[in-house]
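Right, one structure below, let's go through it.
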């Protein structure tokens, strides 16, 4: 883990409010980990947590949605601008221990942390389900991994019309991985627990330190408060109190 | 090169920089980023006699150049701190300050008795906690109330006692004087300022407790004023806290009368800011031809 | 479109936005940028009985998302205000608030007697000024002292009296209650927070008076907390002030209990920010389906 | 006077710490006036006062020195970035009333407000004196106006070696205009008053509103406190208390 000041190689819009930023890094991240990032001259105080979307040979890719002021600032940053990266942070996916067929379910910007994971998995054993409200993004990248990819959009403009959760036949999977809106993740975790399938979820909480020191980002689990930044962001669904 | 070590309560700090309570855990996490042995000292996460799970709901909220927090003193309790954390902290060879909170006099006293037999160097008494007997108003608001708690905890303490003042105190000068009169060995200030945020879409306060504590660069000018007031009032040494984010900020606090300074929220802004701050202090002194940092303490 | 007019002390404000004292002169200068008739009201530059030249030395200093000032009430005096400024202000058809300061009770009373016969709509009593009789501690620190001055000025005043509270007050709840008990018709808060800056190269305080007043976005979370405290304590209406820089900020203050809000430092950040703020309020209400802004006042 | 959000056409370094920025504007400024300027996303609160260095057909030029944080941010701004301009502000030079031969004396970044003034004056009646510590800048632009230009540098790397004030034979001039370091301006004002020559100086003070409302920027004159932003920045040297 390090705090480095590095440079933006590329930062471009890929859909309404969705951007893709490539930065140089000396760090070697694992799927499911994240970085706390901040432009060198932004008028906001705290770095923002953003997941590893992709990584290859010193090039780290973020996929982010313009949410509030900080991510708006990110979207204004130009190529060659300096950026501060703290990371890689968090536990990441212990993907080498995944057994049997795996379903990867992403909703909206929740697809961000899943691409690099899918790249590390055996594509024959991996089905990817991506849900969006209207516009889709990153789908091509998932397809290029060789995994089976299914898409749903709420307004039906791409893939199936409806919720991504409706596409899944849980009985086919030994492991389910999810990241997306809280309601979606809760629904998936409940289904998996009922069906006794392993389920891992990537959580979000407001963060300050990102390293486990401030106790600002805790989530309740059956083992007490856990820090999303340090003990997570990946949690076993059965441990969560939802 | 200018000498940047300082003496505080008879203890030698290799430099005046201390990590602020609650922002640095027990140092382990930041040690993954840089050698925390570089610091003068570390003030532990606020401890209570018994383990606490802290507050529910949102715990952090960003404001213009500030941070509001409502952690609620989540901590493993004094005993677990002594058994599990002190041995790890000892490895880094910096001064260990145990930050102690409580809601009753008894809690404070019991915590101190346990810490008396531990390896901590200084006890930092956090009197910003709500006083359950006095209907929840913090111990650190009225000088008379603070006087009582400091007097009794000082009697119980075998360690040097540094009282951490709340900026919500009715009068900073009176508060500093009362704590000194009660026997405090040193003062640290300021803790966070009472503040509020509202989620206008949900039409609710952001925090479950309605108010929360404001820290960070936004409060620096207020903290500096309070440190100056306290330093003018008392003879005991002072540890300055509040929004310090650069070597220059640290120098301002020292000129205003602080012997040590603590760095809190700035650690979040740049995880390895403390080594930068130490370097900036060194550079400033050397450029200005100041041979020993002690020469500037309280010169204003 | 939601109704954004409010009633304050029986006076209709076409919207809840008032320019804060000392940041907007008497309105003339900003009228060169936009029609200041858009505002609900204007609080005048702080007036004193006699003309004042204000403080020497540096008067302004920027801090992280804040501004420190030490203008020292430079103003033309009440009589000149009445003769020269009110007629110009009257043209803009907004409510005129005369902000009145002083260092003795006599000054305040004499100022009020003059204003009684003027065209001002409300007198805003600034009690943050140093009380020369009490050794220079401001009138607005101790509730008892404030009570006395408010009681006597209220008796003298033929205009509605709004008392402007200092955030340096020992206890905001007690202060608000004391002013209400003394007869204040309304409260406005907060004035600037006592703060300090040091020029480390000159090794001197930046300001000749050592301390100066902090304003701007940095103090917003503190101001909001204080407005909420005051609003919970008293029944008289409240004008919220402190760091308000957007329509959302204004809504927060109104939800916390303010009927009106004042915009100060934000005018400097963007000279035509007030029209933006009024528009943002309108948009927020319309989007949230709130028909009348009065529905949200004090809902938290 | 207006507050406009406009765009940077060019922003480039012309010397150590010295930058030249061209912006679009709808305003029509006079020589000696200034603008309060601020990047749209800078992490500082107040706009900074910067003089009109040049103006032509909707294009406004600033010449600025990186001093502290705000001007450092200016220097980081890229072409096409949005910028907020409040102005034109201040009294400016009443140059049409200048009589006889005029000496224009600039020191360091104090040369900034003088170029547009010189352009408006009769070049045959105008002598320009520019003093720098070491590196020189903007000199070519002054030469192109056709006026006589003399340069002094303290280290002698260009023009005469020494102080610019040593180059001036005051007896030749009816009017003297100066902008630069305080010590330089004081010296010039004293010389002019002694010799009964009209002298105008452009002053600097910390500003908040820039429009005359906050009384933060006053300077002492024999007529009482005057606002540098509104009553100035150009003052008759005889009125100043120095």
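Labels for the chains are A, B, C and D, by order of writing; each one numbers its residues from 1.
Here is the rule we use: a contact is a pair of C-beta atoms (placed from the backbone, for glycine too) under 8 Å apart; a residue touches a chain by one contact, two chains touch by 3 or more.
None of these values were measured; they are calculated from a predicted model.
Asker: What is the distance in Å between the mean C-alpha positions of chain B and chain C?
Answerer: Result: the chain centres lie 34 Å from each other.
Asker: Just curious, how far off is chain D from chain B if you go by their C-alpha centres, in Å?
Answerer: 47
Asker: Averaging only over C-alpha atoms, locate the centres of chain A and chain D and give their separation in whole Å.
Answerer: A distance of 53 Å separates the two centres.
Asker: So which bits of chain D are touching at least two other chains?
Answerer: Only 44 qualify.
Asker: Find every residue in chain C that makes contact with two or more other chains and list them.
Answerer: 65-66, 216-217
Asker: Which label fits the chain touch graph of this model best, line, ring, star, complete or other?
Answerer: Shape = ring; chains linked end to end, path closes on itself.
Asker: Show me, using the given definition of touch, all chain pairs that touch one another.
Answerer: In this structure, the chains touch in these pairs: A-B, A-D, B-C, C-D.
Asker: Give the list of chain A residues in touch with chain B in this complex.
Answerer: 1-3, 36, 38, 44-47, 84, 86, 206-218, 224-225, 230
Asker: Which chain B residues qualify as touching chain C in the complex?
Answerer: Interface residues on chain B, with respect to chain C: 63-66, 68, 141, 170-171, 193-198, 200-201, 203-205, 210-211, 214, 216-222, 224-225, 228, 243, 248, 251-252, 255-256, 284, 288, 296, 299-300.
Asker: Provide the residue numbers of chain B that touch chain A in the complex, in ascending order.
Answerer: Touching chain A: residues 22-25, 29-30, 32-33, 45, 53-54, 58-62, 65-67, 69, 71, 74, 216-217, 265, 267-272 of chain B.
Asker: In the complex, go through chain D and note every residue touching chain A.
Answerer: Answer in residue numbers: 41-44, 73, 76, 78.
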